[in-house]
Amino acid sequence: MTRLPVAVLGATGAVGQTFIRLLEDHPWFQLAEVAASERSAGKRYGDVTRWIEGAMPAAVARMTVTLCDPATVRSPIVFSALDAAAAAELEPAFARAGRFVLSNAKNLRMEADVPLVIPEVNADHLALLDAQRARGWAGGVVTNANCAATVAAMALAPLHTAFGLTELFLSTMQAVSGAGYPGVPSLDILGNVIPYIGDEEPKLEREMQKMLGTLAGAAIVPAPFVVSAHANRVPVEHGHTVAMSARFARKPSVAHALEALREWRGADSVRGLPSAPEHPLLVTDAPDRPQPRRDVMAGKGMTVTVGRVREDALFDLRCVAMGHNTIRGAAGGSILNAELLAATGRLGWVPPGRA
Amino acid sequence: MTRLPVAVLGATGAVGQTFIRLLEDHPWFQLAEVAASERSAGKRYGDVTRWIEGAMPAAVARMTVTLCDPATVRSPIVFSALDAAAAAELEPAFARAGRFVLSNAKNLRMEADVPLVIPEVNADHLALLDAQRARGWAGGVVTNANCAATVAAMALAPLHTAFGLTELFLSTMQAVSGAGYPGVPSLDILGNVIPYIGDEEPKLEREMQKMLGTLAGAAIVPAPFVVSAHANRVPVEHGHTVAMSARFARKPSVAHALEALREWRGADSVRGLPSAPEHPLLVTDAPDRPQPRRDVMAGKGMTVTVGRVREDALFDLRCVAMGHNTIRGAAGGSILNAELLAATGRLGWVPPGRA
Amino acid sequence: MTRLPVAVLGATGAVGQTFIRLLEDHPWFQLAEVAASERSAGKRYGDVTRWIEGAMPAAVARMTVTLCDPATVRSPIVFSALDAAAAAELEPAFARAGRFVLSNAKNLRMEADVPLVIPEVNADHLALLDAQRARGWAGGVVTNANCAATVAAMALAPLHTAFGLTELFLSTMQAVSGAGYPGVPSLDILGNVIPYIGDEEPKLEREMQKMLGTLAGAAIVPAPFVVSAHANRVPVEHGHTVAMSARFARKPSVAHALEALREWRGADSVRGLPSAPEHPLLVTDAPDRPQPRRDVMAGKGMTVTVGRVREDALFDLRCVAMGHNTIRGAAGGSILNAELLAATGRLGWVPPGRA
Amino acid sequence: MTRLPVAVLGATGAVGQTFIRLLEDHPWFQLAEVAASERSAGKRYGDVTRWIEGAMPAAVARMTVTLCDPATVRSPIVFSALDAAAAAELEPAFARAGRFVLSNAKNLRMEADVPLVIPEVNADHLALLDAQRARGWAGGVVTNANCAATVAAMALAPLHTAFGLTELFLSTMQAVSGAGYPGVPSLDILGNVIPYIGDEEPKLEREMQKMLGTLAGAAIVPAPFVVSAHANRVPVEHGHTVAMSARFARKPSVAHALEALREWRGADSVRGLPSAPEHPLLVTDAPDRPQPRRDVMAGKGMTVTVGRVREDALFDLRCVAMGHNTIRGAAGGSILNAELLAATGRLGWVPPGRA
């Protein structure tokens, strides 16, 4: 039973490192290639990488960095931790060359034929991949949403399904790891709040409608709600916290909202995937949770925790959602997307035990 | 030219210490008495106080702590840093005994005959003091609002006056000093966010309407807007940051809103008071300000900084306000209230140079 | 194959909680009793405990708290997370009643007949237990050292064995979790250093000599080195960092010191114990490690990481050691001590698979 | 009475900004030029500078940045906040061109003819300036020591004078502002300690001997003590804390050491200089001070606070010193050096009121 070889593009950066950590001992995928720019290509990974968290896996340290190019990277699955500038050219090139690209970059997220996927929420959006053939892509691109949008969308998915979200006010408190490495200077954030994250509010105001939208034929009809977002950076390492007030087409009681949140398991096709947590959402009764330091590793970083579900003076409901920005909101989300591709037969490869 | 003797009740705690720091070298008031509970009374202030910030003023360290009782504390002005439990009995007792109490406790804030004052915003509300005679009080009580409500109310005051606030969402990121000392344990807040502060959201949802309300005869008609508040604690020492989305009766353009904010100076009676900052509001153009660590000491902690004034997708305007929670939002606000009492002749005492 | 029932004394506090987390799914020990003071006894554990890290295990939340008394606590092994005041009376009472007490309190550590044990370092010191019979104790007490002393002693053990430590300077940077909960107020430590920890330096200056001492007959001959300690608190959650300069009877080269550190595995009797890490010491080559946030969970918190081994201008060698203060330095260390007791036959009970 | 025009080289960086803040309203010096590299030259200072602390002075924001070259910068006094690479060429060029350079760079500190000055400690070392003529310099260079070395040297100066320092062990806990801006990434230091600062320990081990050395003819005879340094970075904004154990030729009692520290005022020539604090050293009796957040602004950042003076088990005395690394340890120290140059007649210019 062989594992499928996969590559990480942008492997030396912060998100790339998270991919590498999460792919260690993956039951389906084998990290075969670590790719980066010309500056690092041809060198030992351990020599060109400033490893940020814990210890660098010894096997990876010994790997030779491959140039980020479809001619040199041969794996059928590529996880892209590229920044927007590099992704602009490279991700389409890999798709054209027949690879499936799992992308964290913002470039293609809002393209009509590119699925923006959280498997538990909108696994069916993968159908858009068929439309990518028209681009002349032998492979395809599946994108992740912005990390804070992912956390909010997961908490809202069951509520939107049950009650029809119409208006959403949200204010985030986002971890520094969301800005990559070196990212936020310590002089900017120690004991401080920065009430601004470049280009974050627009993403928060448009990506959720697509994710919570409906597949109609070969297109996504966005969910028709309006979002007002306030994005803030706080001195937290991992875990984006989102305070939300929401209005619905059918006003739910707090009890009904809690029931919808507690019963939600997400799409059937996701259950049992290696990276799928038992509970994509965890609802806490504690008056002062979720908290990033205490709840961020729920479901190995793949579970979003929701708390403080209560009435709102202006809209219908208020609540707080918190999730791991570099796991569920980035690398872990991409890996789950790839597992979904494999499990739904889109790779022409049968995962172990799925015959 | 003599200064007026004043006392601080609850002088050994965190807010009490801020009073003491701010009263050092005050041109009108002379710190004559430091009062606390029986446990400390009769002892040297320096021996019973764990001083939190900077160095304890040597003259205060040598003072003997007085018992918190109108029979032992003789100053005509008392600044109360008492917690709600102690304030419940003591503040009325001092008022009955003819003293003017400047209170930070929540107990009396919402009483119909007790002014809830930010001098620049609603100096005229002091007229309520006359109604307190009906309680048999020879003196009176003037209260400060909750620290986060004060920051928000100052930023909103000129906008409300010009455009008529109707709906307000706000999400706070509050400093640990707001919880006093010892207050928030470090294990709860280092690298963390706590999306809950006990009893804070109700205060934020009701106090601003009174402060921004209108004096009609001997009563305040509350401003008729509705507030939805999300209160969060963040690992910041001083400075509450408030993200707000607001709707108005008359929708302002961003330019008009900025103009209203920039031109506002507050009530005439406040200008020139010793603790009044030149600019009660400062509007910043920087895309990523206000920030607590960088802006909290504007106007010696008495200025609220407003930034990121922009359109809102749901309501009319979004912005961020930030101010010093223990200076403008507590001790400094009380001292300014006392200065206003003096300057408006309510103490029967003429401040130096105001003859 | 039954597991041995064990109790945690002081189960509701911070160290008690760490015991509970580490005993979940323990292969030898079954958490049978959670004991606390009269205030909590008889109540549901989940109702009286403010759980600090992650989520409280559901099974423990449902347990009824037992009164901390040998008459009510029946387990043969008791892990004591009691503070010094409570431990003074209770730990001897449990020992008298035939239980084996694994203590984190300072009270008995320096008693001549009480072993102060790090299994890898001085497993043979358990022989002192026989001498405890003379106190009329049917059971016995085994103590852990101060958390920072444990980290330093582990790093020094192989060096002392090989080269004979004579003089030691150390300066610690200790995590806030070492002070328990609520412990250090956030206003004291956010963005700050406190160059003092009450009673810490004396412990650091006397406990290591006993741990690194030699068993001679029924007594420990302390290792004859002199320690000068500087104890500091820093805003770190877990992990004590210790900078050290050491002089030895036989000056080692850096290469020889590294070799001694790298080859050390500790006492044979410890290998294979459930809580024993594969490497009690890990030597890092990185120029800027060990770091608490990055290395504290090495060996599931039971491994001490040593780095920056280099020449010293005054003594022979300098290095930095870092270890988890509430796992290796407290609860995890006690559990390893209990495993050692079991594995060496001192409990009259044969662990599973050790027949 | 005119003020002397001065320039800041490297004016856009972190230390440059501190110079600018400290020179605002300086009674002797007038900030006439802000100089930086070609990238910024010719542009408005406010447009090319990311201001780090508080608000940028409006007058400076409007200044045009001058190219860092003696041909374009005309002020007779230049404060250099250049990094080592830029300083290597530029500082000698300015000196050659007749300017007095007050340097924070490490390049020239250890040159035999370059004074390394803390005015209170070794004002007489300015005599070395005469020897610089031999380099063909019409002006001269006066250097500041490493920021942590400055803090330690000030605390040790009176003790060395009285008792003769022979051996010193020190372990630092240094603020992030010491690394400039952007400097330390937040992901590296939030809740963490980094037990390493590049090239810091060698500076700590050699610069103090020169500062505490004796002027003999035209040369400095270094003080003959040996230093072992451990340099650590901690999540503190400003203020380096140094734990020290010291041995002396004549062992002092704690009482005598305290007396020497308390009585010390430094060189007579320094008293009354505009930036000289009343007390260059402040001795604290509090058991847990000095602390950076609480004591760093003593003497407006120019006073070093010393505490915990106590016996040492290995050497004679232990103590903790703490001072502001970017004020006393950098920009403020340079300005004081320039004031000393002026006051001692080396500029051929008489400061106001010093006729």
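A, B, C and D are the chain letters, set down in written order, and residue numbers restart from 1 in every chain.
Keep in mind that, in the parts below, a contact is a pair of C-beta atoms (placed from the backbone, for glycine too) under 8 Å apart; a residue touches a chain by one contact, two chains touch by 3 or more.
Please read all numbers here as calculations on a predicted model, not as lab measurements.
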{"item": "Pair with more cross-chain C-beta pairs in contact, given C-D and B-C", "value": "C-D"}
{"item": "Most widely separated chain from chain D, with each centre as the mean of CA atoms", "value": "A"}
{"item": "For chain C paired with chain D, centre-to-centre distance based on mean C-alpha positions, whole Å", "value": "43"}
{"item": "Rounded Å distance, chain B centre to chain C centre (Cα mean)", "value": "48"}
{"item": "Chain D, residues touching no fewer than two other chains", "value": "52, 190-191, 235-237, 293-294"}
{"item": "For the chain B and chain C complex, residues of the former touching the latter", "value": "14, 52, 176-177, 181-191, 235-237"}
{"item": "Complex contact set, residues of chain C against chain D", "value": "167-169, 171, 173, 190-196, 205, 226-230, 232, 234-237, 241, 243, 245, 287-294, 307-308, 312-315, 318, 320, 322"}
{"item": "Complex contacts: residues of chain A adjacent to chain C", "value": "52-55, 190-191, 237, 293-295, 297-298"}
